[in-house]
């Protein structure tokens, strides 16, 4: 039973990590229908920025709390800036282009950003400073769940709730949904579509940055290539949950994380990804729009 | 032609990039020694570099707009020169003959190495043409194309290893096996819409690779299978050089066959159904097209070609391991199709040549190579979103009408 | 109120509007009639700023608007019910209506207007939680109209509002158009295939052919114009 | 004149969640007949077409089709759309659904798909049979284009056609599938009087070539001149049925649909 | 052939594995520069031809053909075993000798398929043997979890380790599994190690995954012994894993720090490049010395003569005084076990 709980907790952590990245994927897909392959790289840049800022601050002897806050804010700012710029350069000119053009441009961006960080920084793995201390009161259960896991879980929950609220009830949220549905009409009711799309990229990127910071400090190391696998997994999770749906992205991520964890624990980690992807295929066969995705409205 | 306003804008752009790249370009920390180095000179490079690039891009867009305006005045739509040439049979056949001649003479004119690189390029052309059926023509976004390629490669590697089967025997087997896999995968998933299909195929590609990587007893795992025999030629002994040149001609042959077949397919009842399916599935069904079956045919045909090339890949490298079949490979093949121009055979050929030869010739840039590759991919899409060459629609001629009019005249 | 001076637009290489001149006075109903593909919808889209104006000027109350972005133009009180309705398919009827009032902030006024459109089209009140995409064609047309009304426009651009509607509803729609014009003093620019009815409620009319305005006159004069009768009224 | 029964619908019901779009609908069509289906917006007319052509699966009821040529009878419920088309029912759509990036001729050729059979090998080797079939497809498609008056634009992209022409092309494409029952969903919507008049003669011509036609339309002038019989729906139910003359004066229909002054307005 | 001796240098010089390939280029340059300064080999200048194969088999065949078509006499490289395997037949057909500083796959020498292959590094099975012996005989652990990174190198090593443990009869393999490199979290596999009640973990793979697993184990309050290979015996591992690295064992090439040739080579590198040499530098330097020595002694670049010279002539290199056995493995190189103590790898008995 203990073992089960342990695996469950590690599955939750993994799932929450995916969720933070998957939310950005889902938002961008929802609004411009693009699989933003560069999103994983935005997450990586978030991790790198927070690494640089945190290390610099700790070298100059700032207290831990200040480091966490400043590094988090800096990561969010710069990741958003990258997200914003990537959209302006690589996707905006392609709004009216054939459907696959932005996809290729996204793949190009992903390669570009990876190599940019590789060249600007280093190809080596770097130790990420421990930003989330092990709390003393957690000691008795430290073998099951660590404080970084708890922080990750909490953050994901809060972010999901906030985002759901934002999309459902705020003005910008409504504008986002309208833009997602019909861009021309969104313009005709007075929505500044460019700004809404930029906002989506900025919010999604900021989430990825927060994810980057949390994950990097959980794992303790970063390098320029961490975005790719995390990105693919997060995207899988987003699709599993029904792409475009915020709760779907979280649900999909948790299911994916738990599947991988239990597959590793009870079967074999050799095939954890095989299980993850097979699950995806199975679910989509029975629910072609993902778990919480809206079935396509087929009015003829 | 560059106004002050544009310069100002470019200045702003360059300022923005200075901000953007500040943490990554300027600061470099050494976490072990706990030192920080501030590389201010990089900031200058970024500022100047982005300023110039921004100006150039502006100039390009201004020119493009002017050109559009001019064309509009002349009220004539402009087709690219290549396309014009291709549309004129008078140019088309001599050009094709010339290209074929050049291709045949290539290994004689250049080193074996060049021929070898060309063989790789030819393989990618065929892969691109195969995927083009799936993505370009039928509109099914397949991000796991490399899985079928792996099936082909491993079927040759394994059959050769265990049963000593030869290249020519396995070539069709590999293709058919891959096609079978295409059907197996396609059957449940082809009713998924666009991007869901994409992610499922991506997942499938990964599953195949992971199985090859982990199931040692079957595939020898990550260390791969070596010493695969090269293709034979009526039992003739060949030196390595000859074998490579043979491989080159073999690929030329296969390419010609592929072009022929793909061309015919596109111009057939099936090809039309694929195009229609890409546009509107519901209307297609209402026209009596069996959606699932038609898609399945496209999917497995694409897989078939991937399988063929997989076999050739195994024979050419004489070694296979799962590392050759990653998602990046699928992405490159997809880029070939999109970059070249979806649905266009000539486009795919150009796209493959560019994407395969580019990294080879970018070697001079050494560590900036992949950076440049990514940037070029983005730039090509921005400047030519429809691809290099758009698909050309065939014009059908009507014999019945001539007959009818003739009849009328007689009356 | 609105003035188009020598407007030219097009898509890509094709030029659609040639030297279009139009004037709409405040409080008027003006109709634009013409064959399929003449450029009627394009004219409306150009006014709304969706299709960029290549040459010429568009003046709204004397202010140039051809370079403004669509949302700015909406903010100036120009709303459009586009051809093809453009319902936000996955949003509910209510949410569609709310989006119509996107730029407004007066909660009370919005509420009043919501009641107003529900009273115009009771079926919408009934279906307020259904997603827009599953409404029938005619219901969608009503929703599109209502959504535009929710913005309280000063100038309402209507693109074939009667298309696909039942005869009873068509009558009703034209009555509503008249009513909006009278009660709210909304200026209306109406594009119609149904030239007969359009000219009946309009004050003035323009006839467009191949992207050129070829006729402009009072509505009743156009009704009795033999060329118009032959080409557009089926008489 | 009592023609053969070709379509018989009984008790057809369609529910969407809580909404009942079709309610125990009965309807029949005989060969060489033009039947109109009218009713207020949202009455369920398009839904009826969708059930008939297999795009929706009806919740209840029975759809039976009898081929006038062979006399073979079949049940359409649960069949896939393409099978239904093969059986001889073709349709057009309320919102035009052409293959806009294909040429006009190709659009019609797609319609011939279910009447031809060449597959991969045929396409590659292009044997005599395939070539013959292909030429036939082209010729027949041209004939259809001439019939609907689009032969001149055969090699234009469908998206470049004017609206009325696109509607006619949809009809042509449907005809190419060689149906004996043609379903037209608001073919005259968005057409001007001239185009509508052309359409009327086209529909009559099609009828005379042995096709039965089931027609949804809001243009009363067209409905009244064309149809042999009219069915009127409201809220998914049939509220009236009869000849144009009967329907014109039916109180229920006038109240739900036509309005009092229909005559004057559609003059 | 001609007045120069052409030596190819092939390996990953770009991409994510560049850090394993570039040191070989430096080593070859240093050796050759020194030789040329002394007047070359038997009066002939030595020329280097450098080719990037990004460690991909399909690219490696291209680089190999390119080198062969440029007429190389011998090649130092390739770096990865997979790339080496696909390139070897091409060299074999052209009669070119390949000497690798880092391709450790046992098959390369043991299969007998590649008579033209030599290496200055011990093969994986030797390393696995050293790890297993140490774990069973010195540490005396009974239950061992064998974990790998699913890669060519790591999984191969792990399989040998598993085989050796099972054959010895002294211990049990309680777990044999691969982890996915780059995964965001390894807690599940760590829980599984705990569940299996392993006394020790033998890990086959590189340092990034090793440090993630070790850190996660320590976070979960496990003090399981951790043994690994020379992919982990890298100072980066200690830097990244920090205090969690303490006590970790790793095998690595025998300690050469006292060897004057090694000291000279490192000094030369510092002088030329102003930095410390990277992975496989010493074995690459040795490979360069060995091949140049053999060519000189054979006074020819003919494959048979050079092969004979490689097998018979002992040469002083940074990795010791070596010659090669008939399969191509270097005689005289060996493995030693190291442990992290106070943030440094220290050789243990």
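Every chain is named by a letter (A, B, C, D and E) in the order it is written, and numbering of its residues begins at 1.
In this section, a residue touches a chain if its C-beta (ideal position, glycine included) is under 8 Å from a C-beta of that chain, and two chains touch if they have at least 3 such contacts.
Small disclaimer: the values here were computed from a predicted structure and weren't measured.
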Inquiry  = Shortest hop count from chain C to chain E along touching chains?
reply    = 2
Message = Per the definition at the top, count C-beta pairs in contact and tell me whether A-C or A-E has more.
response = A-E
Task = Starting from the mean Cα coordinates of chain A and chain E, work out the distance between those two points in Å.
result = 37
Remark   = Whole-Å distance, C-alpha centre of chain A to that of chain B, is 29
Task = Could you grab the centroid distance between chain D and chain E? Build each centroid from C-alpha atoms only and quote it in angstrom.
result = 74
Ask   = Once you find the CA centre of chain C and the CA centre of chain D, what distance in Å lies between them?
value = 31
Remark   = Check: chain D positions touching at least 2 other chains come out as 46, 55, 93-95, 97
Query = In chain A, what residues contact two or more other chains?
reply = 126-127, 270, 273, 298, 300
Message = I need the residues of chain B touching at least two other chains; which ones are they?
response = 31-32, 214, 282, 367, 370
Message = With touch defined as at the start, can you tell me which chain A residues reach chain B in the complex?
response = 29, 33, 35, 45, 48-49, 51-53, 55-56, 59, 74, 78, 81-82, 85, 89-90, 93-94, 97-105, 107-117, 119-121, 126-127, 129, 232, 235-236, 239, 243, 270-271, 273-274, 276-278, 280-281, 284-285, 288-290, 296, 298, 300
Query = Hey, which residues of chain B end up touching chain A in the complex?
reply = 16-17, 19-21, 23-25, 27-29, 31-32, 34-36, 42, 135, 141, 188-189, 191-196, 198-200, 202-204, 206-207, 210-211, 214, 282, 327, 331, 334-335, 338-339, 342, 367-368, 370-371, 373-378, 381-382, 385-387
Remark   = So, in the complex, the side of chain A touching chain C is made of residues 171, 174-175, 177-178, 181-182, 184-194, 294, 297, 299
Query = Where on chain B is chain E touching in the complex?
reply = 31-32, 111-113, 116-117, 120, 213-214, 216, 221-224, 226-227, 239-240, 244, 313, 316-321, 323-324, 360, 363, 366-367, 369-370
Remark   = The residues of chain D that touch chain C in their complex are 16, 19, 38-44, 46, 94-95, 162-165, 186, 189-197, 218, 220, 256-259, 261-262, 265-267
